[in-house]
Structure formats: structure tokens, C-alpha cells
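Both complexes below contain chain A, partnered by chain B and then by chain C.
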Partner chain A sequence: MMSEFLKEMKSGKWIAVLVCVAAFALLPIVLQEGYLSLVNEMLILAVAACGLNLMMGYAGMVSFGPAGLYAVGAYTTGLILVYTKIPFWLALAAGPIMAGVVSVVVGWFCVRLTHVYFSLLTLAFSQIIHTILFEWYDFTRGDDGIVDIPVPSFLSSITHYYYFSLVAICVCLFVLWKIVNSPFGKTLQALRENPERTEFIGINVRRYQLAVFIISGVFLGIAGALYCGFNKNVFPDFADMMKSTEMIVVCLMGGIYNFLGPVVGSVVYMFLDKLISSNTHYWPLVLGCVIIALLIFMRGGVVGFVSEKLAPRGEERG
Partner chain B sequence: MILRVEKLKKTFGGLTAVNDVSFDLMEGELSSIIGPNGAGKTTLFNLLTGHIRPDEGRILFKERDITGFQPDRVCRQGIGRSFQRTNIFPKLTVFENVQVAILSIRRKSRSLFSTASRMLVGETMEILESIGLAEKRNVTAGLLAHGDQRLLEIGITLGTNPELVFLDEPTAGMSPEESWKAVELVQRLARERNLTLLFIEHDMEVVFGISEKVRVMHLGSILAEGTPEAVRADEEVQRIYLAEET
Partner chain C sequence: MQVLNLAHASLYMLGAYLCFWVSSLLSQAAGSFWWSLFAAPLLVAVFGGILEAMLLRRIYDRDVLDQFLLTFALILIIGDLCKLAWGVEYHTVDTPWPLDGPVIFGGLVFPKYNLFLIGCGPLLYVCLWSLINKTRLGSVVRAVTYNRDMASALGVNVSWVYTGVFMLGCWLAGLGGALVAPMSAVMPGMDMVVLIDCFIIVVIGGLGSISGAFLGSIIFGLVTAFGILVAPRLAIAFGFILMIIVLIIRPWGLMGKPE
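Showing the complex of A and B:
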């Protein structure tokens, strides 16, 4: 399957991918632990954003509440590790599974609506999840969050966890890449472009929308579970609006019509975040301005912008 | 007989959009439904393709009752549709536009991990060649000229491998020259693939040239049915069209 994967990409492209992965793998040698954990956080955000973008960029369904499913993943793993003796790996796998199960229920309602109504319903569900995590003190410890989650000793060093999540993230991106290039992925794009027409090539639109909602939810759950193991603490604000906004902005920043757009977006986002918050307390203000600039001047995000500048003009015109 | 429509009726509030419409389509027939604006033609199409449910009546396709089927299921029975507005997938390439239709009808759309770009290439190219867009296969569909977009729309419909195709004003927005080319193409495709075609047209001239049978719709009902010559000579039809022009 791997050789097939490599054949599909133009040789230049896969060399670039290999170089990137190699560069990330070498980072622990050159970076201090503080920066390394920042990169780790960035990679986990990239998985969440790519999962969201499968639904937003490819299927054209804009969710305002991805953080809800992300938090379900994080809390499931965290709660299992704190309350039970279930091994770490199973707890880690339970996060995305639970996020998938919640996605089935949430998605079942959401795909009945379209456009802004769909988006608002996803927001409502993520607010419900946030409220449950916040208010159910006996179980989720509310505002205090779940702290000191036990992680196997060999994963407690930052470098070791970094390698672990780097592998997990590469696998996730590979699977997502296969999905977007599959018949299912193409059908999602058709659905985004023209749901009415898609129906009349024999596609049950709602069923496909529900499927992508669940798949996207599973990847958000993976990101949540990975972050739980990384951070060893989980808090209700994992599910709040700010976190959802962060994921949406990451997608927009990188470019929603490009597979690696959200990855580039998360690099740019983390960089801006740290750069700006180390100089001023007004990060959200700057973030707001960045969003406005993106939506007005760079609809295709960084990747869209760059590839437009690089592409020879009018070549694709029919 | 490929399609039988029995006493179809649809009302919206107090307005009866389609009233007691019955007709049969023979296999391989090229026929049309014409009528002034507001006659109920598009509503009839939406009933036949499952976009809206009839209040009364039945639709039988190859002797199977398909009344109340959802559009995706209607499509899978072997009924294709082209739309009045250009209705393609603008950001996909020309190739992908046709390919998604074929993937769907072959029940391959659910495949998550196979690579789409290598699937059903021959089948897709065959359709692109027959509509004359093979050379533009890698062009983003939204960048095609209007006439080519209409051709592509027909290509998508062919991708669903239909036996019966409803064409909703296929020449709308085309120049007269483009119209004739499109009509000739559709005629040729129908012959090659043994399709049954039903046109909806506002413009009488286009369809009269190719229809074997014309039905005239007025105020939700079928008013006249027959050969183009007979319909053209019908006094009541003349009255409706004249009344509309004045």
C-alpha cells in the first residue's frame, strides 16, 4: 500500500513530504524541550484541523463546534485513565471511538439542516458538551478539570511523547489523504459543489454527510486523546467556542481547498500565537484582525495564496 | 412502454400546479412537453424525478411503481435528468465531473481507501469523447465556456447510465448555433445509447425539429398531444401561444 501511495504522488511531492517528516523527526536534537512541546501541540492541532477540514473544506459543511468532539476524545481518555485501571493504549483508543459515537448522535440531527442552520446546530451541541463537562462536578470535576492523568513512564518524557505523536499524526494524515483521494472523497467534493446535482447522480446526500461527520469526529477525537496524553490534564475549555474558533481559523489560515492547508495553518497559527502573546496581552485582538484580513484578502489561505502566485496565469482555462 | 404516468396531481396551497396528468412514453421515443411559463412543466419534472411528492397519482417506470422515491433512488432506477440552470461541479475537473456520476452508479462511491483517479478511466473518457470534451479533461469545470458547461452537464447525466432522460430546457441560454449543435448531439447520443428522451421546452422551434411527439401543457393539464404538425395546427394551442405573445 505504501509503494502505491508513493507512486500516486508526483515524485517531487513525495520527496518534499519525506524531507518534512525527516526534519520533524530530527527536531528533538536541535530544539529545547519547551519548543519541542510547542511543536507537539502544533502537530496535534494540525490533526484536529485536518479532521475538521475533511468536513469543512471537502464536504462544504462548516462546523462551529468541532471542539466539542475534540473534548469528548480528551475527556474519555482522561476519565478512563483516572478512574479505571484500563491500559493506556485502550484508553487512548477509547477517545476517538467515543467521539465517533457522539458524532453519530450529533450528526444525525445536524445533517437534517443545511448552511448556517447546520453550523448553528453544531455550535449548540458543542455548548451542551461544554456545559456537561463544566457542571457535572462529581464526574468530570467541573472547572478544576481532570489533573495528573497517569501516563506510562516511557511516554512521560517530552521527547518520547513527541515521537509517539509524530508517528500517530503521520498515520492520521496518511489515512486522511487516502480518504480525500478516494471515490468517497471525490463524492464529498461533488456534494460541496452542488448537493442538488449530487442527489441526482444517485447519491443519498444525508447519508454521506453523516458519514463524513462521523469520520471527522473520529479524527477530532484522536487529536483530543493525543492532547490528553500530552498535557496530562484536561479542562472544560477544551470544548469552548474559543477552541472551535481556533480550529476553524487554522483551516482558513492554511487554506481549506488544500490537503495540507490546515497543517500549514497550524504552524502559522502557533507561531503568531506565541510571537504575539509574548509581546502583548491582546492576542485575541490581533487574531480578530488576522481573521478579517484572511477572509477579505486571502480566501484560499496561505497555501491558496502561494500556489496562485506560483501558478502560470490562465493555464487551466478552457 | 418505459414510463407510465397516471393521473398525477400536485397542489401548492390553493394553486393546482399539475392537474390530472397522464401519459405514456414508449421505449426509444423522442418527445417533448411544451407550454407557456407557469404551465406546470417544471413541477411535473420535479414530480417525475422525486424532488417533490405527488398528492395523487402514480408513476411507473418499466412497470415498477416509483411514486414517492427519493431523487437518488429514482436516479438509480435508470432515470437521468439534465437541469434548466447549468448544474455541474464547478471546482472539480471535467473528468471528475463525469467520473463521480459513474462511480456513484457503479456503487463505488463508498469506497474510502481506493484511489479514485485510476478508477473507471476508460468509461469516463468514452463519455467525454462522445460529448467532445476529451481534450479538456483536466480543465476545472467552472472555467469552461457556457456551451461546454451544458455539454458537460449532459455528460454527467450520461454517467449515470440512464435509459430515460428528462431534459429541462437543454438549450436555455445558448446561441441558435449552439442550440442546434446541442440538439444534434443529444439526438446522436439517444440513437447510440438507445435512450428515451423527454424534453421540456419553452421555445417551440427547438423541439419541433426533433420530437416525434409533442404534448402541450397549459394551466397544469395536458391540453394536446400528437405529432408536431398536428399540434402546430391545433387551434387551441395556437390560441394559447398567441395569447401569451400579446
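Showing the complex of A and C:
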């Protein structure tokens, strides 16, 4: 694994990665706070979308309810910070852990089903999570959400929180990249292409699917916890269908067969969101049109589209 | 048709809005509601036919993710168009003339309109069931659903059948919306409520089975109604729990057929 990493380092890709990270690190100097928080939101959405993409793009399991696990992460962190005196770091870590635990339960049921039934069951579970958050008024404060979550003073400025989440996000993306390129990741891709054949070579399909469901859940939980610290308020909306669809659209916009696709998708999506909703109330109308255009004209997403145009003729794209 | 259409609920909402619109246009004429009950579903069906021909037709052979997204996009678009056309405020439709007021039935007071709706449900079910199972047209539709290529080879114009069935579905959605308009307020967001209920019902009953949908809605109605009695706050969750149980025991639904 180390030698693979070194090989990758030599290939010059690392320069590009380093330049990107440096560019993001320098952004606070150039940008106003409003735009900085937009970039921060973009990056958090990118982690959620990458976590979802591990399951959707690599393992071929289409989930309609990623927002449920995202909300579990956000609410766990938020509730711990509001109700107890547990330090911020532990509360932040509890979000993903709780999301992981919930995805063990949800995943155990879901991987029993395939195709559209799998997707419908994930949707049902995320709706249950939404109902619980919405209805359990005494604990989750229902519709009002949890507001004014205490965050340590050194993280309360936008710039500081930006650096903090940038580091966290880089770590997450690195870990995901390692997972995708490990034998485990290759097995997932085999599962996507042909589950029957993968089973014939002696792989326990359900166990792998459950594993990827949990990993993806943990990353969604991380995104949720980070967003909770960023926004300082959490609402039941985090678990609703609109949020799930947002994540799926982000993946699709960027291109689901590419590792960085969701990151690109998240940048494009948030940019469009900001641009359009500052001009009109009818953001959903435009979003709908964008989705339709994507589906009909750009099936590989932005990354797929660009690499198709750049690729030499006659060569299959990866 | 084996197409996942989330936008169905939006067409239902559109039906309700059109019912309101037509009946307010004709508010001077007698029986305005009955005219709008006739016109609104037809307009929805025409609209659905256009959607099918322009958009949905392109995604039949794609995977379920694309269908989910395309129809979700339609939800967003139709929802916003309704807001643009009719504003965000509540609208109400008056209960039509012969059916307003209550009826006393064995000591219980019932609104007449509710009884009318209770009658409409089974009637529509019987009509639809016999259309699909007893007529020649129905057998063509079933053949197309079962095997597109074979039906096409036998000389059925498959794409017309798809458009037709889709329009019929839209007509029903529009009719549902128009029928519900006098009972509840017509407003943005009414689509999401039905969408999730319909989803649960169809999954419980079995995808692609009319009897299943009918049975599913009865079971769903009973479970939620009793759920409200037992634990009012968690009533919404009961439907989902039912759906999860059904999906685990019989993933293809109560009346569906295993793949």
C-alpha cells in the first residue's frame, strides 16, 4: 500500500492535489466571510456526497435516503453539545459513530433487498428518522430544531472553522481515496458490475454491501457533525427527501464514476444555488430544469463530460 | 409500466389546482364543480401526455436512479409553476350542490361528500381492474408491460401504448386531486404528503398490481387510523414500519409477483 502511494506521488498527481489544497487554504485571505462560509458549506456537502458516492458510484447501491444518516450525525453532535458538558471534540466524534451504529441497523435490513426495493427501503428509513426528529418534541425539539449549539470560542469565527473543516475534509477524502483504491474498493466495483459473478468467486456479497453501507454512513455522519458545528443549528429538514435528493444530484452533477466527481458537483451545485436564489424565489424551478438537462445531455456529469471531450477519439473512458 | 414516477403526486396537486381554477372561472354557472371535475383530470392527462412524449420516453431504458431524479425534477418544476400561477396562499373549493351538508346514518352524522368519495373508490377500482383484465385494450397493455420487444414484433405500437397508459395514470391522479379539492385546502406542499402515502401503499400492495394498490390503501388507512388512536405522534411512522415489514417478508408486495 505504501509503495502504491509512493508511485502515485511520483506520477505528479500530488502536485495538483497540493496546489488545490494550498488554493483552498489561501481562500480566506481573498474572500469575504460570506463567500467563505459558502465554500465551507460546499466542502461539507462534498464529504457527504463522496460518502454517498462510495456506495452509489462504486458499489452500485442506489440509496434514496442518505440524508437520514447525515441528520443522525448532525443531531447526535448537536444534542450532546446542548444537553451535556462533554467536550466539543468528543461530541464531534460521537456524530459519525452514532451514524455508523444506525447504519448497521438500517443496512442490515436494506442489504437483504436489491435494485429498486433497496432504494425504496433506504428512503423509508430516512423518512422514519425524519419522523422521529420531527415528532419527538421533548428531546429533539421537533420543528424548532436545536438552536444556538455551543461551539468552543476559537472555532466560532468563520475563518477558524473553515481551516478546521478543511483539515477534516482533506483527511476524509484521503481515507476515502485509500478505500477506493484498496482491494476492498476493487471488490465493490466488481459487485457493481456483476453481483452474481462476484458471488461465484467466493465473495460474501451481503457482507460487503453491509460494510460499504456502514462506511458510507460514517462519512455522512462526519459531514452532518461538521455541518452542525458550522451552522450551530440543526433542523429536521436535514433528514428530508429534499436533502437526500440534493446529495444525489450533487453526485450526479459531478459524475458518479469518478472519485472527485462529487466534489466538483458540490462546487457547481452550491454556486448555482447561490447565484440563482439571490435572483429569484423560484430556485426549485431552475434546479428541476438543471437536473433534466443533466440527465438528458450530460450523463457522465461535469467530470464525465469534460473527460469525454478531452479523451482521444476511439478510447473508452474509465 | 415499470417506471418509477414520483411526479404523480404533483399531477394530483395540479388536478386540485385546476379544479379550483375551473370552478372559480365558472362560478356563475350552475354545477361548476361538476364541470371542473370533468375538465381538470382531462387537462392533467393532456399535460401528462406532453411530459411523457417529451421527457419520460427518453428514460424508460435507464436505471432507476435516473427515473427517480427526472421525476423529482418534475416535482420541483410543477410545484413552482403552481405557485407562480396560483400563489402560495390556501384555496378552497365549495362542496358541490347535491352533496353538501351531512347525512344521518344510524345515529352517526356523516358529511355526504365523504360518502360520495367512499363510493367513488371501489367504483374506480372496478372500472380500472376490468379495463386492464377484461378488455382487449387491457391485454395489449399487459403484453407491452410483460415484454416490450415481443409486443412490438406482433404489431403493437408500443410507444402509443406507453403514452396512453401514462395519460390514463395522469387522468386518475388529476381526478384524485379534483375529488379531494372540496375536502381539504388546495395549497403548495399538498403533493409531498400524498407522495409518501402513495409510495407506501404501492410498495405494500406490490408494484404493478391494481388490486394490490387497492388492498394496500385499505390496510394503510386502517393502520394509520388505529395508529392515531394508539400513539398519535408516531402515526406517520406506522405506515413506514408496515412497509418495512412487507419489504422484508415479501419484497414484491402483497399482491405482486416475485421477479
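Throughout what follows, the second predicted complex is superposed on the first by the 305 of 318 C-alpha atoms of A that agree within 3 Å, B and C clash if a C-alpha of one lies under 4 Å from a C-alpha of the other, contacts with A are read in each partner's own complex, and residues count from 1 in each chain.
One rule holds for everything that comes next: a residue touches a chain if its C-beta (ideal position, glycine included) is under 8 Å from a C-beta of that chain, and two chains touch if they have at least 3 such contacts.
Since the model is a prediction, treat every value here as computed from it, not as a measurement.
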- Clash or fit: chain B and chain C on chain A? fit
- In the overlay, answer first, second, both or neither for which of chain B and chain C A:Asn204 touches. first
- Query: Is A:Glu33 touching the first partner chain B, the second partner chain C, both, or neither of them?
  - Reply: neither
- Task: Could you say whether A:Ile248 touches chain B, chain C, both of them, or neither, answering first, second, both or neither?
- Result: second
- After superposition on the shared chain, which partner residues are touched by A:Asp144: those of chain B (first), chain C (second), both, or neither? neither
- In the overlay, answer first, second, both or neither for which of chain B and chain C A:Leu113 touches. second
- Angle at chain A between chain B and chain C: what is it in degrees to the nearest 10, using CA centres? 80
- Query: Between chain B and chain C, what is the shortest CA distance in the superposition, whole Å?
  - Reply: 14
- Over in the complex, which chain A residues touch chain C? Could you list them? 56, 62, 64, 109, 112-113, 115-117, 119-121, 123-125, 127-128, 131-132, 135-137, 241, 245, 248-249, 252, 282, 284-285, 287-289, 291-292, 295-296
- Spell out the residues on chain A that touch chain B in their complex, using ranges where they run on. 4, 8, 178-179, 181-187, 189-190, 192-194, 196-205, 208, 257, 316-318
- Contacting residues of chain C [partner chain A, same complex]: 4, 55, 58-59, 63-66, 68-70, 72-77, 79-81, 83-84, 192, 196, 199-200, 203, 207, 233-234, 236-237, 240-241, 243-244, 247-248, 251
- Note on the structure: Given the complex, residues on chain B that touch chain A span 49, 70-73, 75-76, 80-81, 83, 87-92, 94, 96-97, 99-101, 103-105, 108-117, 119, 136, 138-140, 143-145, 148, 156, 159-160
